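In the two complexes below, subunit A is the common chain; its partner is subunit B in one and subunit C in the other.
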Partner chain A sequence: MVFQQLASGEPLVHNGTVHAPDIEMALLNGRDVFVRRPTAHALWVTPVECIFTRTREELADGRWLAGVQASSGAAEAWHVFGKLTQQGQLEQLGQVQAASAEEAMKLAIETYTQHEIWVWWVFPVAQTLSSQPEEAAALFSFSETHDFKNQAYYPVITLMREIRNKKQAGGKRG
Partner chain B sequence: MDSKLNASLAEYLTALGDDELVLAQRDAEWCGHAPILEEDIAFANLAVDELGHARTWYELAAELLSEDRGRFPDHLAYFRDAAEWRCVQLVTLPRGDWAFTLLRRYFFDVLEVLRLEGLKSSGYAPLAEAAAKIYNEELYHVRHGKAWLPRLGRGTEESHARMQAALTQLWPYTAQMFLPLPGEAPLVAAGIAPETAGLEAGWWAAIEAALAAADLRAPEKFIPVTRPRSQQTEHLMGLLSEMQMLARANPQARW
Partner chain C sequence: MYGASVDEVKQDGAEDPQKLAEFEARIARGEKIEPGDWMPADYRKQLIRMISQHAHSEIVGMLPEGAWITRAPSLKRKLILLAKVQDEAGHGQYLYHAAETLGISREEMVDMLLTGAAKYSNIFNYPTLNWADIGTIGWLVDGAAIMNQTMLARCSYGPYSRAMVRICMEENFHKKQGQEQVILLSQGTPEQRKMMQDAITRWWWPTLMMFGPHDTDSPNSPLLVRWGIKTRSNDELRQDFVNQMAPDLMALGLTLPDPDLKYNEASGNWEFGEIDWDEFWRVVKGDGPLNADRMAARRKAHEDGQWVREALAAYAEKQQALN
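This part shows the complex of A and B:
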């Protein structure tokens, strides 16, 4: 899973998924596939299998939450992401400390109560690879100058519409 | 700068641009054919980066020669015959397999980073500025190559064998990369460009470490290619005939 932060101070948002044999390659692939906008500040990747997820429907009757057992293991840090609107991307809410994915999910739901979340994701910080600030220039600086790598640079839809209009106009004349 | 130095720098920059453009063209041949979709996008990106670098060097050359900055790069790319190109042979070789492609790119990128480190402090300000921008992109290129090398070199028996074969095949062509570029001597004396021969030790140290990390061994016996950049081979001719075909058939073509 690939997450991108477009500017300092903004939450990271879920961009999509890349295939990769390991996490370092995933970060590089994530950069090449998803960093297209005029600016990018940071990129994170985590293996899909590390993500524990619950939806609003699954949580609706409260039974799952009631069944979460307190676990006795050592606590570790978990990233919490949530989908704030039905159509939107998941975005970063914060971190919790927990000994299991279930416990992290429960804590997240109890902590981030200010929004109505459609989908929750938690995943271990230790399983996440983040770009380092000192790598930012090498990873992202191209996105500011290489217009041709931005899909908005290619007005394909406008162009196709113009061609179609011309064709139609031509057809009428004939 | 005096006009003689201008001409030397234009010659030097054109050779740099030729290396970048021919490598871009070779690597772009992978577009749609790389091992997985993500790598296809990544690798096409790297090729496009090199294309951008070629344009940068050609534009700087255009200014030095009082040529039109907008049109001169196209003139250099599309309307020169093979004998007028000054790229190293390494970049002209047919693309081979994925191992060959990655290793060639890594050899080239490591040298480019070292050269750019020198060019960043060039006495010619527009060159220093351009070098600083390109440097960031090249750091990423090296990281990309460094990630792939050990994964293939220490991957499967087949990937290791292919990497070793690529190394054996490419190795003789690395010698030519350290010969002085056209126009280089007066530029080194004037503090405008680093001496290419002086980059070899740093290159070798980086490559030796990368090869060791990938369980690869450079061949001990080989015949180095040391012909001047002015002597091109049929590999370049084939590449140019494809790259230049449209522009030459229809010089007014726009896209």
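This part shows the complex of A and C:
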């Protein structure tokens, strides 16, 4: 799973997945697939199997939440992501400390109550690889200089108008 | 876990009527269906078919344009074309991912493409014979694709819709760079104008075929509309495309190869002649100008990449053993 932060201070958002034999290659592949544009401030990857997810539909009857058992193991940090709008991507909400994925999910649902969430994800911080600030220039700056990837680079509307005007003027003369 | 594993995917048979009603109510309310949510087996099946075909089209679609990277007339056009072809590879990746959330693996999908079990867009079975074809593909072919993709960006399946939003944003660059080239060549030297006209003459009809069979011959359409996957029909999209493109192409002094093309003041539509459906079905069934070449190129690329996949896997294994 690949997550991208567009600018400092903004939440990371989920982009999609890449295939890779290890997590470092996943970060590089994620860069190639998702940072062609817009550019990134930071990129995270985590293995798909580390994502624990529940949708609003799955949580609707309350049975799953009621069945979550308290774990006795050591607590670790979990990233929490949620889908806030119908059309939106999942975005970063924060972190919780929990001993299991189920417990992390329950805690996330109890903690982040200010939004209506359609899909919840939790995954261990320890299983996430983040790009480092000192790598950012080497990883991402290539995509800042490619003006020609911007549709505004091509003045096609002006060109078409000029051709039509010229034709009209020519028609009047003829 | 994220997505569905194949064994929990219900294959066939009747759906629970109450669940189906709730599902259809969600779609009617404009909600997005997400991996993990209940969905009818047919919804899953149709989406896998559509999304994987779409992914394959992006991947095979790199071939006709890729052939001109080494022959681009300037460094600027080479950079643009390289970036565009690279985008198509990225789009294939976004879409394979969206299909994976439905419980099919990337390996299965690639296999289905390479064995010929899965289809990809017919348009890529036509050859790119001159440089003007590159502008034409950008403006017409990507333009036609955008009409379809703009519709799919609103579709009911969350991962597909999100992939489409991203793709549409990037495709707009593809369309504009193509349009600019067609404009410049059509206003250029007599030789450039001739080249441009030749490209439009060859690509016009295959582009109209991209929207698929007539609504009356499109068996999956009613279900796809009902489940919010498609929101507009093949014929509606095709008409919009002709209305948008025909006046612009003619303003550039280009001739479209359709004697029946005329503007209907009453309907506001550009009426056009009948598509050669024999040709359409011939190409779908594998007998297009370049079907065999395209598949041979994909197979070779897959086989040539084998040692890279093996080396990466061996390295990952070794690193894991060290840790």
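The rule we apply is simple: the second predicted complex is superposed on the first by the 144 of 174 C-alpha atoms of A that agree within 3 Å, B and C clash if a C-alpha of one lies under 4 Å from a C-alpha of the other, contacts with A are read in each partner's own complex, and residues count from 1 in each chain.
Keep in mind that, in the parts below, contacts are C-beta pairs under 8 Å (C-beta built on N, C-alpha and C of every residue); 3 or more make two chains touch, one makes a residue touch a chain.
Since the structure is predicted, the reported quantities are computational estimates derived from the model, not experimental observations.
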{"item": "Which superposed partner A:Leu28 touches (first subunit B, second subunit C, both, neither)", "value": "first"}
{"item": "Contacts of A:Thr145 with subunit B and subunit C, given as first, second, both or neither", "value": "first"}
{"item": "Subunit B versus subunit C as contact partner of A:Thr39, first or second or both or neither", "value": "neither"}
{"item": "Partner chain(s) touched by A:His19 [first = subunit B, second = subunit C, both, neither]", "value": "both"}
{"item": "Contacts of A:Lys83 with subunit B and subunit C, given as first, second, both or neither", "value": "second"}
{"item": "Contacts of A:Ser71 with subunit B and subunit C, given as first, second, both or neither", "value": "neither"}
{"item": "Subunit B versus subunit C as contact partner of A:Ala137, first or second or both or neither", "value": "first"}
{"item": "Greater subunit A contact set [subunit C / subunit B]", "value": "C"}
{"item": "Contacts of A:Gln97 with subunit B and subunit C, given as first, second, both or neither", "value": "neither"}
{"item": "Touched partner set for A:Ser8, first subunit B, second subunit C, both or neither", "value": "neither"}
{"item": "Subunit A positions touched by subunit B in one structure and by subunit C in the second", "value": "18-22, 25, 32-33, 146, 148-149"}
{"item": "Partner subunit A, residues of subunit C touching it in the complex", "value": "1-3, 30-32, 34-38, 76, 79-80, 83, 86-87, 90, 93-94, 97-98, 100, 106, 158, 161-163, 165, 170, 172-173, 175-177, 179-180, 183, 187, 248, 251-252, 309, 312-313, 315-317, 319-320"}
{"item": "Residues of subunit B that touch subunit A when the two form their complex", "value": "36-39, 41-42, 45, 48-49, 52, 133, 136-137, 139-140, 143-144, 147, 151"}
{"item": "Residue numbers on subunit A that touch subunit C, as the complex places them", "value": "1, 16-22, 25, 32-34, 36-37, 48-49, 51-55, 57-58, 83, 86-87, 89, 118-119, 121, 146, 148-151, 153-156, 159-160, 163-164, 167"}
{"item": "Residue ranges of subunit A touching subunit B (in the complex, touch as defined)", "value": "18-22, 24-25, 28-29, 31-33, 137-139, 141-142, 145-146, 148-149"}
